[in-house]
């Protein structure tokens, strides 16, 4: 009796199960998604590897919402589109003029989608960016992921993934700056063109140049493995290029609640990586070089802060700082408040290493 | 005269006129006749002749104990006893006049030389192995324990075959309940014809249907001794070189004398490797199937591309693919055991290289599956004990089926069932999964590490924690 | 039942009952209700919990259950376990197994618990040992999220909003429910073992640190607005982490959490067995079987988004009554009458 029961239950399971089976060989593993358009009229691109031809296929579809686009795209593939291996999302700069969360919602909601992936904003239409991956032997998404990650290493893009972006989208107190990419002149590869500034959930239309992006990241105290700054040093009427790599950044924000002024003290320690004239061991030269870099950085800090405030884009997380430590000063409508704050940066640059040469 | 002839007839009849039986009339002293009766196949005839000569010489001197030597004894005649003696390989001289019988224990037993056990290779340590002869085996053990506390008790198994068997224990070390339990089970054995050790272990085990062996099976006398010293009972028979040891725990199957003969650190390292092999041997194919057919999002992108390329053109589901390979694997194993050694090698090459390579290029299974199955097979052979190693190879099939039905959920369910089973399993009524159950944090690390100083410890006897701190468990080679 | 527990087993039982099921989820209601000061309120709740433990340790002898209260607790456990199983099924369905029918998952969970409860009681007591390494893994992998944490989310601390504090404290019961098991299992502890003092403090510290890390991480990882949308923050944190060999940690950890929760369900079954069989019964196996049959049926009525939400939003009051108030009342009443467990 007992044993018969077990056999019956087992056979029921054996006959009726595999509900959630998704065979890997029956799925088209999409690694790159491109979105453009606006609510009601989205256009999506899905790139997945074609295993036999060692190329990437791109599927195009229209729909009223990002999810609808995907459903429509599924009609055009012989296997099922599977986004669980997605590694990059590309969004057109026109689309993010409207709240970006509209597009991202499906990626947060679906448990199968990874949220440790990259997002980038493209200049103009997404299509050429997706199409250029067709001839790549590797995966399309992997190309952009490596592209963004290596740029992050060089401190041009902040270290962000979908989850950290989502976290900031829900808060008023910190804004995001997403990687902005252009096409190269021959349309063969992508070029990092700086950072697209967001105010709240929408794109402000302003893009920081790569140099400004680096400066912004220094302001955020997020210098990555390399953060190189090159300047011309004028000496005796001659221009000598000099490159410094940021080693440490220390920052200290002092908030004056009454004056609504934030003094931002930065001290930056750099290593000299290029200086053809040499002789840094001579005190005056070192001092002079140091001073020169400091002046440049100071000017750039001020410029970037001005742009950020003009665009009401609090990418530095000043709002977070104020809310946590000066709750009285914090206002619900933080963006307006932020634009009117007085931000005073001061920079101290110090050369701590000069490479293996003196 | 008639009496003698009648007796010879009845003897012949009692032995069913067996051809190898010798029943012969010989002259005894004072004109009497005696009947010599023995199995020619079991007796060393020359020795018997020598001993009989000595006895003849003594007969004439009228010594009162003329018949008693180390190997001969005089008894009252009783036919059933005489038959039993003859069956055991003794020579019986029946003296019809005095209704006595003289028995000569000169057994020409078939025995082989002491060899190293084939299925339990070790690198260092004693290379002697038990053989199919209880006396020699006892000698091997007595040689190692020169102490009267080593008690040997004999019993007979098989109502018809009447095979000699022994159980051994160290008095003073063994727990009374262990001994009583073993004696109870031995008394309850009900076998007519006993011919293999498997019958005995079936009769002595707690739950025969469990896939896990509950008695340790070894041919190494030093391993037997190490277990005796820890208060375990050892059962040996006259027909098999294996000694059954109980009670044991799951982890004793993962130990070998090598751990204790080698360096401390090295021994510990290999102990850990062996225990990890349990995980790969049981779960690796199931895990792979679950990943491929349910949860491929866990793979990182680069790996995922490789896997996708590999499995894309396989015509059937991963479970079938795995089963095909596993069955080929088992076939190769079976055939290489059965075949003579010289051919066995060839089978290995044919199976491993030819089939392995061809089956992938024919597109029947994927490369990754070959790697997975091969890795699984290798890790299942790491287990020192033959029984547990076959158990483990069998265990992975239910896990593969569960994984193909429910993915990781199936594996989780399987693991919990396995754990509940292991935790409630007993060996001679003592917890099988000790020292994890009952939990003794201080003893757990001994599973993974070989400790420099081996202090004999006594196995935990019940599911409750022991009162005696000495009963800590688990360091037997 | 003839069982005696060692200190390690006793505290392991308690730990698994208290942490199972809720560990991945209790942070959300706590943080929603007490905002930025959630972590501080949780510390207060933990201190109260420790106080309660001390009190229970002192007066556990007076926790004598008469027939009525025994039934009350048996029914409470039955319903509570059913709710927990429903939640487990719901989480599995939404995270990993969207197509599998709920009843299959429920039947599996209940069948495992039934199997464990039909064999000897020591099995359930000891099976938690196997969870120790994987629970440690949970915490270790949570540590991967450290670079993504925002420290400023812990501030500002508002310490004057009484309603917020009370709500936070009440919602902390999710973390510390099941404390009544202390009273149930305390008499089974070996006579000569000392629990007072160091062992109890150690237990409280371990469970506090274990929870506190999760509260801190959740609070620092998510924005306040965001956490309202995320019912299982811990798995969500793990989902956003990527290690070189595994892309999606959450899938493993959902299953680890599942096995952990199944053991919790088993222990509730054992508690039922302990109470029900404290008197000699004719058919002990049948009663366990019926208990599990009910467990398999009841959750099916709850496994829907709205009903799960309803249970979540009201369960803490029930927990509060049964784990804190009722034991205190019973202890006081029995102390007054002078009746105690022999």
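A, B and C are the chain letters, set down in written order, and residue numbers restart from 1 in every chain.
Simple rule for what comes next: a residue touches a chain if its C-beta (ideal position, glycine included) is under 8 Å from a C-beta of that chain, and two chains touch if they have at least 3 such contacts.
Being a predicted model, the structure only gives us computed values, none of them experimental.
*Asks:* By number of C-beta pairs in contact, which chain pair leads?
*Replies:* Chains B-C share more contact pairs than any other pair.
*Asks:* Sort the other chains by how far their Cα centres are from that of chain A and give me the top one.
*Replies:* The most remote chain is B.
*Asks:* Using the mean of all protein Cα atoms as the middle point, what chain has its own Cα mean nearest that point?
*Replies:* Smallest offset from the overall C-alpha mean is found for C.
*Asks:* Distance between chain B and chain C based on Cα centroids, please, to the nearest Å.
*Replies:* About 46 Å, centre to centre.
*Asks:* Using mean C-alpha positions as chain centres, tell me how far chain A is from chain B in Å, no decimals.
*Replies:* Using C-alpha averages as centres, the distance is 65 Å.
*Asks:* How many angstrom lie between the centres of chain A and chain C, each centre taken as the mean Cα position?
*Replies:* 40
*Asks:* What are the residue numbers in chain A that touch two or more other chains?
*Replies:* Those would be 13, 17, 20, 84-85, 114.
*Asks:* Of all the residues in chain C, which ones touch at least 2 other chains?
*Replies:* If we look for residues of chain C contacting two or more partner chains, we find 96-97, 100, 242, 247-248.
*Asks:* Name the residues of chain B that each touch 2 or more other chains.
*Replies:* 297, 299, 301, 304, 406-407 - these are the residues of chain B that touch more than one other chain.
*Asks:* Any idea which chain B residues touch chain A in the complex?
*Replies:* Residue positions touching the partner: 292-294, 296-297, 299, 301-302, 304-305, 307-309, 311-314, 317-318, 401, 404-407.
*Asks:* Residue numbers of chain A touching chain C in their complex, please.
*Replies:* 13, 17, 19-20, 84-85, 111, 114-116, 161-164, 166-168, 170-171, 317, 320-321, 323-325, 327
*Asks:* Touching residues of chain B toward chain C in the complex: what are they?
*Replies:* 295, 297-301, 304, 406-409, 411-413, 415-417, 419-420, 423-424, 436-439, 441, 463-465
*Asks:* Sort out for me which residues of chain C touch chain B in the complex.
*Replies:* Its residues touching chain B are 3-4, 6, 8-9, 12, 92, 96-97, 100, 105, 108, 112, 115-116, 119-120, 122-123, 126-127, 129-130, 190, 242, 244-248, 251-252, 255, 258-259, 262.
*Asks:* What residues on chain C touch chain A, complex-wise?
*Replies:* Contact set of chain C toward chain A: 36, 94-101, 104, 148, 150, 152-156, 221-226, 229, 239-242, 247-248, 250.
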